[in-house]
Amino acid sequence: MKTLQEGKNPLFMDPDPDQAREFFQKKQRAMTDKRMTEKEAVEKFIPDGCYLAIGGFGANRIPTAILHEILRARRKNLGFLGHTSTHDFQLLCAGHCLKKIDIAYIIGLEARGLSPNARRVMESGEIEVCEWTNYALCVRLRAAAEGVSFGIARNMLGTDTLKMSGAKVIECPFTGKKFVALPAIWPDVAAIHVHEADIYGNCHIRGISVADLELARAAKRVIITAERLVDSYAIRINPTRTVIPFYLVDAVVEVPFGSYPGNMAYEYFSDEAHLSQWLTTEKDPAEFQLFLNKYIYDVSSFEEYLELCGGIKKLKELRRLEALVDR
Amino acid sequence: MKTLQEGKNPLFMDPDPDQAREFFQKKQRAMTDKRMTEKEAVEKFIPDGCYLAIGGFGANRIPTAILHEILRARRKNLGFLGHTSTHDFQLLCAGHCLKKIDIAYIIGLEARGLSPNARRVMESGEIEVCEWTNYALCVRLRAAAEGVSFGIARNMLGTDTLKMSGAKVIECPFTGKKFVALPAIWPDVAAIHVHEADIYGNCHIRGISVADLELARAAKRVIITAERLVDSYAIRINPTRTVIPFYLVDAVVEVPFGSYPGNMAYEYFSDEAHLSQWLTTEKDPAEFQLFLNKYIYDVSSFEEYLELCGGIKKLKELRRLEALVDR
Amino acid sequence: MEPGYNKIEMMICTAARFLEDGKTVAVGTGAPCAAAMLAQKVNAPNLVIIFEAGGLAPLLPQMPISVGDSRTFFRGIMAAGMNEMMTTCCRGLVDYAFLGGAQIDKFGNINSTVIGDYHKPKVRFPGSGGANDFASFCWQTLVITVQNKTRFVEKVDFITSPGYLTGPGEREKAGLPAGSGPYKIITNLAVMGFDPETREMMIESIHQGVELIDVLENSSFKPIIPEKTSITPPPSERELQILRREVDPNRYIIGRQ
Amino acid sequence: MEPGYNKIEMMICTAARFLEDGKTVAVGTGAPCAAAMLAQKVNAPNLVIIFEAGGLAPLLPQMPISVGDSRTFFRGIMAAGMNEMMTTCCRGLVDYAFLGGAQIDKFGNINSTVIGDYHKPKVRFPGSGGANDFASFCWQTLVITVQNKTRFVEKVDFITSPGYLTGPGEREKAGLPAGSGPYKIITNLAVMGFDPETREMMIESIHQGVELIDVLENSSFKPIIPEKTSITPPPSERELQILRREVDPNRYIIGRQ
């Protein structure tokens, strides 16, 4: 197939669907109890050098407990896929965990401003980057979920974003029109936070799913953190609601308030004061190190982190904000 | 782009996304009351010669009222997309409405047996056929829903199904592997039966969605028939449930028991006795004509058809069957 | 002496045994579905059943009439859509495809489209439905079919769904996913596998009360006959009881003759 | 005399007027979102707001902090995913893209990736996010940005999101959907459109109290100056009141200076 133009940056992962099929052929399909702690999940499924993707949208419905655990376990040289990655990216930069990244949006925390530390890390050159757009990454995951080696779209055309990507421009065999071919990507592991899961990994999500349904299908291993575990009758009574079925999932970790300090739709709003503290403290590297020690490295569990940040009183306040009861 | 092999059959619809974009640019986006009768919907949106697609799965969640109305309006020369099309196809063959069809499964009614009349029609040569598979048609609709001119898959390869399709075999620009390129299809109009809709066309479906989410997005016009209309607060209170948003929809028709004699999940089971009567009566063309007159042509509304078939008593029985309360 | 079961019961019980516990299977309605239900109740409680229209792992209260009816997701794990189920197959997560068919040839190619010339068919059948997709994407294809000379043919009139096409390596050459293909053909007379070298159909076992000559006379091609053919173990009392009482109490499938 | 509004308020009120009733708009957080909210409350009650992470047509109780936070689908019509919203844009169902940006050039190309060389950047910005997608797929792109010589440049250091690229016909030549492109650039000084012939930025109206020379001195390229430039109508009392009381009562956006 003739390639009309191609991005200059390398692909970090093999887009061959047969390597993925070979893996999935051996993946367990039986419904077994997959509960474990976040520590066990990171030990088992996120080794140094593996390629990771994080669900949610930066500071919304993110698996914070897994991210903290990755830092505590001092994981290094990770690959990373980030469409709009904000607090998740900030955390991984804080731990200097990353080596090569496929990204669309980094450094920023949207309306909150930019992360000084993530910017330092990015400008230091310690991380290899391949440029994409949010939809381009969505198409790459979707193609993997479809078991094919590429998907097509009409974005990035004519721009430097395309030049600094790993995409190729091809011609449609039916219309002769140009399309960007986006290579499928099967991350080694994905961590996704959901509202409810049963012990087998069947999941419910309320509100937007971002690109997590594609991600759960593309990733070779899936770690689920859930606000709460539910009986599997809660799954079977309304199978229309299941968005991630058990056979995709390798680990189920119950983590109430697991997206904190991020927003969890219908549960709690983001802790803007705490996120703002991150951005402020990052300005001074020495102070930031103490901050990281206090909130992550010297902390033994996610529950302890929640307590440090204000415990139940704070969480009640964030619930009220989410539900807008105090307007 | 080099084509390695191609199907012999013609494409009935233009796979150019820009012709579709031009149409969609002008399509109304405002939330307006779209209620009308099935007669008005067919008059307005299903002219002779247009290309039609039907939602559901043959005799499950089908818009029977629209199909009957198409017969009564004596529509001719329609195009048709049928993945597993069973009772819907049987109806359109009974009315000799079809001219050219993209199909994966026709004539049969699954475990119930084959339709003698649909087989006669198909063997008469009056309909031009292009061969596909269920997933191939799903990919074609999905590609249209994505606003691109083709999608890829690894089915049909090596078979006569491919030879008698309109697909092309291409090579992946990343892996060099072969894929089937399936041309996008934007049907002129789709009719889809759902559980609930508001007057603007926001829809809920319970249970499997088959390929209807892709279809609602691919079709230029969408006619919704709904078991019941709901207040739009019922939509906004849980936006996660919305599967078809209002701006895709052109007509909303309230039709309780609208999938009868087909199955409607969580509502009523299929009327196997009535469907069996169809298959039996079709054996004798003269008798079949009387049957059609009685149940469709001489009937003024879908309600009248329901009454003819046993009315509330029958519908109660089908509800009980669906809920399995009499086991 | 007549055996205490009919040929449909024999086929279903035999087929069920090939479905391993903890595996995934995509099924069509009728006999394949009955076999999967039976397997769940006898030898494979954790068998995950997938339906092409979107139903996943239901607690099947009865055999579905349609692969898209509400039974296919009754108390199921997921009620999704065709894209979800088919792409699950595409990714290599589905072990078995379980199909029927009007004609089959020695390479396991299946015809469910036309008998005679495509443009002027003697008989028009439904076409692929999802069969071609399943036979392309799932790792191993099983077929349940009654065997006779018009069904077991040297060359099918139309390859609807791919077997090994024209021989070894041809699936991969055509672009189909590596390592997939026909696995077992379960007929009323025998169980056939495929020779790993030639990819031709090979007798694996002959049903009790059936002779080799019956198998050969009911096929237009000559399947490979191994040095020693075994006898298919007949259905057990337990299998028959569960099939008759729980799987198909109304004899929709097992009552067909 | 100082006007009774600041430049951010001026930009938001001006931008809001370009959003027609009954149209669809894909927005970023901050000023674009505030403008869309204001338009809904003043001149376009049936404006449909789309968020890239999956939110559709919320009854926005306050301005979202993130285009993926729960406000983006609060009492919304649909809470779907990125694929749903982006493909809606791909199909041509979204009229406006409403973006910000670090640099913009005379053809409306936007840079939000790097200042300086890509590999050794002076400054690294977030990158495209969904901006390139919106600017590629939506029919008309609007940009709200403060204007100065480092932001309004002859050639952007990096084209993150496409404007008219290097001139007329170049979008179509690159393969972007026909008929799409930049529409209005709303700055603190003026409103710019694009010359239909050359696709270069063209002054449409200059804000009250601003001189042509201010507009020219705050741009590194020279925009086309039409024979007659009009004055941008200033914000009305009603617009300002709604903006201050209902859209941004906490002055998150309009309080920035």
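Lettered A, B, C and D in written order, each chain numbered from 1.
What we mean here is this: contacts are C-beta pairs under 8 Å (C-beta built on N, C-alpha and C of every residue); 3 or more make two chains touch, one makes a residue touch a chain.
If you're wondering where the values come from, they're calculated on a predicted model, not measured in any experiment.
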Of A-D and B-D, pair with higher C-beta contact tally: A-D
By mean C-alpha coordinates, which chain is most distant from subunit A? C
How many angstrom lie between the centres of subunit B and subunit D, each centre taken as the mean Cα position? 40
Intercentroid distance (Cα basis), subunit B paired with subunit A, Å: 37
Where the centres are mean C-alpha positions, what is the separation of subunit B from subunit C, in Å? 28
Give the residues of subunit D touching no fewer than two other chains, as numbers and ranges. 73, 79-80, 90, 137, 177
List, in ascending order, every residue of subunit B touching at least 2 other chains. 17-18, 146-148, 153-154, 177, 179, 206-207, 239-240
Which word fits the touch map of the chains here: line, ring, star, complete or other? other
Return all touching chain pairs. A-B, A-C, A-D, B-C, B-D
Quick one: which bits of subunit C touch subunit A in the complex? Just the residue numbers, please. 21-24, 46, 48, 56-57, 59, 73, 75-80, 87-93, 95, 137, 139, 177-179
Subunit A contact footprint on subunit D (complex, rising order): 29-30, 52-55, 61, 63-70, 72-74, 79-83, 86, 90, 109, 113, 118, 120-121, 123-133, 136-137, 158-162, 165, 170-171, 174-177, 252
In the complex, go through subunit A and note every residue touching subunit B. 1-3, 11, 15-18, 146-154, 168, 170-175, 177, 179, 181, 183, 205-207, 239-240
Show which residues of subunit B lie in contact with subunit C when the two form their complex. 56-60, 83-84, 86, 103-108, 110-112, 114, 119, 122-123, 125, 131-136, 138, 142, 153-161, 164, 169, 177-180, 206-214, 263-266, 269-270, 272, 322, 324, 327
Would you tell me which residues of subunit B are touching subunit D in their complex? 17-18, 20-25, 27-31, 144-148, 202, 217, 235-237, 239-240, 242, 245-247
